[in-house]
Amino acid sequence: MSGHGSGDLRLSSVTKSFESFTAVDDISLTIPQGSFFALLGPSGCGKTTTLRMVAGLEQPTIGTIHIGDADVTSLKPYQRNVNTVFQSYALFPHLNIIDNVAFGLRQRKDGDWKRKAQEALDLVELGHTAKKKPPQLSGGMQQRVALARALVNRPDVLLLDEPLGALDLKLRRQMQIELKRIQSEVGLTFIHVTHDQEEAMTMADTIAVMNGGRIEQLADPATLYEKPASTFVANFLGQSNLLPAEVVSEGGAAENGVVTVRTRDHDDIAVAAEHLPPGIRSVWVGVRPEKLRIGDAGRNRLRGVVTDASFTGVATQYLVRLPWGKELVVVQQNDGSGRLPVGENVTLSWDPGQEFILDQAQDADAGAEIDDE
Amino acid sequence: MSDAAVAVPPPRRRVRRNWVPYALLAPGLLWLVVFFVVPTVSLVSQSLQTGDVFNGYTLTWNVQTYVDALGTYWPQLLRSLVYAGLATVFTLLLGYPLAWFIAHRSGRLKNVLLVLVIAPFFTSFLIRTLAWQTILGNGGLLETTMGALHLTWLLHGFESFLGLVNLGTGNQLLYTPFAVVAGLTYNFLPFMVLPLYANIERLDLRLVEAASDLYATPASAFRRVIWPLSLPGVVAGTLLTFIPATGDYINSVLLGSTQTVMIGQVIDSQFLRVLNYPLAAALSVALMALIITFVTVYVRRAGTEELV
Amino acid sequence: GSKGTNATATGGAKPSAKAATDLSDTDKLVNWSNWPEYIDVAESGGGHPSLEEFTKKLGIKVNYTEDYNDNDEFYAKVRPLLAAGEDTGRDTWCSTDWMVARLIRQGYVQPFDLANIPNHGNVDGSLKDVEFDPGRKYSLPWQSGFAGIAYNPQATGGRKIESVDQLLTDPALKGKVTLLTEMRDTVGLVMMAMGKSIAKFTDADFMAAIDEIKKAKEAGQIKGFTGNEYTKPLASGDTAACIAWTGDVVQLQADNPKLGYVLPSTGCTLWSDNFVIPALAKHKKNAELLINYYYDPAVMAQVVDYVNYISPVQGTKEILTKDDPTVAENQLIFPSADTLSRAQVFRGLSEAEETKYTQAFQSVVTG
Amino acid sequence: MSWLRRHAVRIVGLLVMAYILLPNLVVLAYSFNKPKGRLNITWQEFSLDAWLNPCNSPGICSSVGLSLKIGIIASLTATVLGTLVAFALGRHRFRGRAGTNVLIFMPMATPEVVMGSSLLTLFIALGVGTGQTTILIAHIMFCLSFVVVTVKARIASLDPRLEEAAADLYASPAQAFRRVTLPLVAPGIAAGALLAFSLSFDDYIITNFNASPSSVTFPMYIWGAAQRGVPVQVNVIGSVLFLAAVAFVGIGQLLASGRQRARA
Amino acid sequence: MSGHGSGDLRLSSVTKSFESFTAVDDISLTIPQGSFFALLGPSGCGKTTTLRMVAGLEQPTIGTIHIGDADVTSLKPYQRNVNTVFQSYALFPHLNIIDNVAFGLRQRKDGDWKRKAQEALDLVELGHTAKKKPPQLSGGMQQRVALARALVNRPDVLLLDEPLGALDLKLRRQMQIELKRIQSEVGLTFIHVTHDQEEAMTMADTIAVMNGGRIEQLADPATLYEKPASTFVANFLGQSNLLPAEVVSEGGAAENGVVTVRTRDHDDIAVAAEHLPPGIRSVWVGVRPEKLRIGDAGRNRLRGVVTDASFTGVATQYLVRLPWGKELVVVQQNDGSGRLPVGENVTLSWDPGQEFILDQAQDADAGAEIDDE
């Protein structure tokens, strides 16, 4: 508790190597105090390792970590005002639930620990389990206890390592709201690791997408989704239709802010000039499935055949095969309009500006295939 | 910034990692070094001396003692290993179901049963072993009970069977190798049951369900899942049983006969009666060396080095 | 360790035992180690009446410990202390003759101050001048006894067992015979059965006896070699017949009068366990006063009446004839001259002999 | 038949339990014997005499007292030292770890006569008089290994993430040890201590070498007495100790489950 | 393996009680051979218990279980041709990965176990981990091994207890496709427990929604979603806007198949007559968030104010407060149309027939609140 700072969390050129393997590779970022920051990335990309370094459970091989002005890099975990909700819960099996939650408070000699711990437990709707032991609770309940145990300390930085993974949808949504409420009320800095993208997008102010120990892109959720900086981000966050195309306008010159590119099938597509990275002629034109409308309402049109339709409740997802074989994913909200049968010929359309454009030098499948360590 | 970044050594952690284990070890190991290693070193030196108790000994590096000792007493040494081995197998056969029973089937009685396993120690083992004489002896409890149940034929049948497999004389239970092995088994059962229990209690029964879901009958679930997972407990238990049982001789003295002499008896007699200290020391050193070798190989083979 | 044992490398001339400053007058205490169940016990099971009386009379407390189970074991326990010239914590104990011989030879026991033992003259005539301690300067007997043959008729099918031969070869006894770990008793009885004298024998005689025992053992005749613990299996019938000490069997007969005890016609051993005072004993005088006390025939009678061994003190019989005639008439407790004539005393052994014979005997015991 | 199969473990377990307890039952039975002569060898008749006067056999109760005292001190000391060693072995990688492991096993592999006599030689060389202290030293030494093996097994099953969680919740290493590690390893430590106490309380051979006539332990007393048939009081005291241990835990268990029911 | 049947799986009046607690309460259902069946329901509702009875790991207290014509109720687990992917994986820690996968095959003395196990492992993209031990794999990898271990036996019935819970979205989608492929190729019967509703909806032929040990509704995904039979199902599956209303048409008489109901705010709403349960005048009119369009394109219209907007990538979710205080959830696909700012006055509209109607006697919040045992 001594020597902790309060303020922005700053990682400077942080690298962590385990013997020959580099789990986290030269990460620098600043997380403003009181913001909700999310880390996304495939399994094994270094998310947990990054959190562990912030918590002090792991020493960076290179680099420094500051909270406010204080360099906490070599502070012991118990000297940092940082708490973690562990991916594996790590509840103390010999202590009952209330004592688990009160652990940090009592460690800091908080006289009011009883009331505070009970409150935190009530918050996660587990007030009635205070006297039980961890093994008597279901996985979801244990996860909520872990959450309460960390929250109750009101740390400067709260690290959440997939804190809601074991909860069912309803409960997860409700906990998300609680977390968000606490965060904005108390002004804690949250760093949240999750594999629920919707969770990251709705909750976080800023999201960092990690890949192989590095940060691929760091932005607010909307930018990340609508202007992914790489095919990896485009594919990892939501679904993307990537069409290979060549810029055909002379010198990439724009007409009314629009540039024409040509697909392999010799369809011309108009894209926003501002989206086109300068100096590149071979591009991926990326269109999100929900931007593709069935019908010819948009200016860019492609024809194809429906090969698959699946109902997901809110929406229906179609696969549409283009004449040259490429399959596009199309999502259509179930707002009452009729569903298309498989085999139907359809026109897909969208307007210029709804796309994003990436350099064709990048691998179109990055982030879409399985990526085992 | 990157200059500053490079300069982040975690020196304090390194240092702590180095001295902590030694600090933890120090008091215990010091104790062992002073009160075990020093006497053991002098024991080894004793085994290499010549002379006698009345005129004194000199260190002559006489290895011949070892040759003599092993040449003369290898049968007793071998017998000790065999009896201890048999007892270990029996403690395992009996201890495993008991440990399982206590761990998974005894409900609230668990702690009481655990104490019942260890509580006999509080009644001196000498009295308990003498009680076995009362039970196994002529006209003893067993014979009387079997007689009352008209099962004397069964008892005699068993005695004859023991005679056939060289574990008995064919006409009695007491004072036979069978009685010695049974006594060893009895005396060392708690040493087997406790570590087994500790292991089995932690065993994840869901794995047994998974095996059964994958077509394993109870027998093959045991062989392919439960047994391999209990190995650390089995190894600890067999070591705690086998090692002391090899050097034990009270069971042989009280329940055995002149045909069941174990190496501990020989060492005892050489030490206390013949006063041939070098021979006794040589036999002790040989026994210890044998056991350590055996344990090392065994633990390696069982692949549980880290667990024991 | 070599350090301790090297200190014994005195060899040659008899070393003399060191005396400590005697604390007897200030510290009214005496430490006595003895064999188990070798002293009178109150009917109620409480204490030892003769000891309590001693304390009452002389104001000296007795620390009576029954930790002398076996000569060899006891020797092994105290030898390192004696060899290193340290106090054993005991002021007196009762060792068997041959062990006394060894202790004297090694200079581990102190001569008595006979002035403190005016009753020493009461020692039985036959025990006054023994080979290992002429004139009883270092030792005085506590109890004597025979080693003979005991049997349980229940286990022998009602037959009497009267000879060493039967013990070693009778097929009916196979696996139900115990012999003593006391070499002199066991080998002694066998040698006598082979017609030799144990007061005067050769290496060859000894080894022949050993061979005889070995043969029996290998044939499975011998169940075991025991110390004092032979009594229980004998009483229960697990042991059919054994070599046994008189007093023990007499006591067992109180429970089971059918138990037989025979002094074989070929000869039995006669031995004594003797008080000695070890080097550096802190309460030498008190120990001497204790010995003197027990050399009062009235006191000794009280002990013998209980333990049923042979009294080494003259005048005991007379008292018991009055108080407990059955004991006084028991040949095993108060043997007649005829009975005594069957008994022999094992001759003293040189160090070399002792080592050689013990090794040979032990190689049968633990072979 | 299927009943038999379903209850096989229970049946075998109870039979083995009976095997373990049978001698104690015999001891208990004979504690009610009234020996006709002086020896408690064969069953004569029922009596409560010995139970009414358990200390009646000279020296018996003081020897029990001494054994309890030595057992408690030795097991506590061995448990502390052994637990530390177990933590070092179970939680740290260091140079000499393999050698330490062998050293831990060696005392168990040493025959008791050898250990007893060579220790005595050492004490003499050091000029230490035998007695309670030397018995204690010896007991601590041979109990140590058993404690280490037992505790280490428990430590091996401990989740290191729990200690990290404690550190994350502001517990210094010492505090984390006291509030998390120690309670979790406690059952192993308790088992080790119990084992150590039993071993110490029951040791004869090593004790016999390093004792003095003023320090007669219960096993030494029995050993002497057993040469001639054990006095009934020994059966009484053996049974009392046995029953006390069982009752102690049994009552604790009843109280605990009563508390649990009250809570539920 | 002996005595197993092959064919439809039939549970008849199955009940399971643990002491006083009834975990599964009188369930009867038939699952046709080769179909993909999903079990949904809140934590503790009895899903796992049901699967365990099918697997033979638990004996029903009452009732029978048949596979085809064979009564398997009292068969031991190893005698049933049923395999389970356990919620907790239950991998054998002492066996390496390939031996884990081959366990069942070798148990049945399949001579070709090596090849088959390796194939199954390749299928879950873990071929390269064959020689590793389970603790060396990450949670997601372990889950895939558990999947392979069950699949490789080609059982009559495969029970999946949240088999994809530990996987990130990308991987989960890919595994879903694999599972579906295997199921339709091999014709196994799958029973799938999941808390990912989208997963249940896209994969299952039939879904049973369980609550408190009973089945609340059993139907195909679209029916379940669009015609929930209870407020519990309506709330548990996706989001629902439930408007209390009274039937105003005389005797509930229909005009052109449409009946008018009146909300608390005296707004009249037209609903499809066929949706109206007979004989009921107080109703909940349920409208899914994606059916509500912003603007007045639909026939039923409600006015309100936007109080919250959150971006989830594919869509944006709005909260719109009606004049009488009720907040409605509205989802709008991000198809490029502009986003509404908070505070904007909007009209929400939908057409009659897009609603579902439930009896107002039911609790409007059933299935929406947290439900701890």
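For clarity, chains are labelled A, B, C, D and E in written order, and residue numbers in each chain start from 1.
Heads up, the rule we're going with is that a residue touches a chain if its C-beta (ideal position, glycine included) is under 8 Å from a C-beta of that chain, and two chains touch if they have at least 3 such contacts.
Everything numeric in this text was worked out from a predicted model, so none of it was measured.
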Chains contacting each of chain C and chain E, listed by label: B
Chain D to chain E, fewest steps along touching chains: 2
Inter-chain pair with the most contacting C-beta pairs: B-D
Approximate Å spacing (C-alpha centroids) for the pair chain A, chain B: 57
Centre distance in Å when chain C and chain D are each reduced to the mean of their C-alpha atoms: 36
Set of chain D residues in contact with two or more other chains: 117-118, 121-122, 223, 226
For chain C, residues that touch 2 or more chains besides their own: 1, 3, 73, 76, 229, 232, 236
Shared-contact residues (touching 2 or more other chains) in chain B: 39, 42-43, 46, 130, 134, 271-272
Chain C residues touching chain B - in the complex, by the definition given at the top: 1-3, 5-9, 11, 70, 72-73, 75-76, 79, 106, 155, 175, 181, 217, 220, 222-225, 229, 232-233, 236-238, 351, 355, 358-359, 362-363, 365-367
In the complex, chain B residues that touch chain C: 39, 42-43, 45-46, 49, 51-59, 72, 76, 130, 133-134, 137-140, 169, 171-172, 174-175, 253-254, 256-259, 261, 265-266, 269-277
Of chain A, residues touching chain E in the complex: 42-44, 125-126, 128, 138, 140-141, 165-171, 174, 195-198, 201-202, 221-222, 225, 235-238, 288-291, 293, 298, 310-315, 317, 331-336, 350-351, 353-354, 367-368, 370, 372-373
Interfacial residue positions of chain D with respect to chain B in the complex: 8-10, 12-14, 16-17, 19-24, 26-27, 30, 81-82, 84-85, 87-88, 91-92, 94, 100-115, 117-119, 121-122, 137-138, 140-141, 144, 146, 148-150, 152-154, 156-157, 187-188, 191, 194-195, 198-199, 201-202, 204, 218-219, 222-223, 226, 230, 234-235, 238-239, 241-242, 244-246, 248-250, 252-253, 257
Residues of chain B touching chain D in the complex: 17-18, 20-22, 24-25, 27-29, 31-32, 35-40, 42-43, 46, 94-95, 97-98, 100-102, 104-106, 108-109, 111-132, 134-135, 141, 186, 189-191, 194-195, 198-199, 202, 232-233, 236, 239-240, 243-244, 246-247, 263-264, 267-268, 271-272, 280-281, 284, 287-288, 291-292, 295-296, 306-308
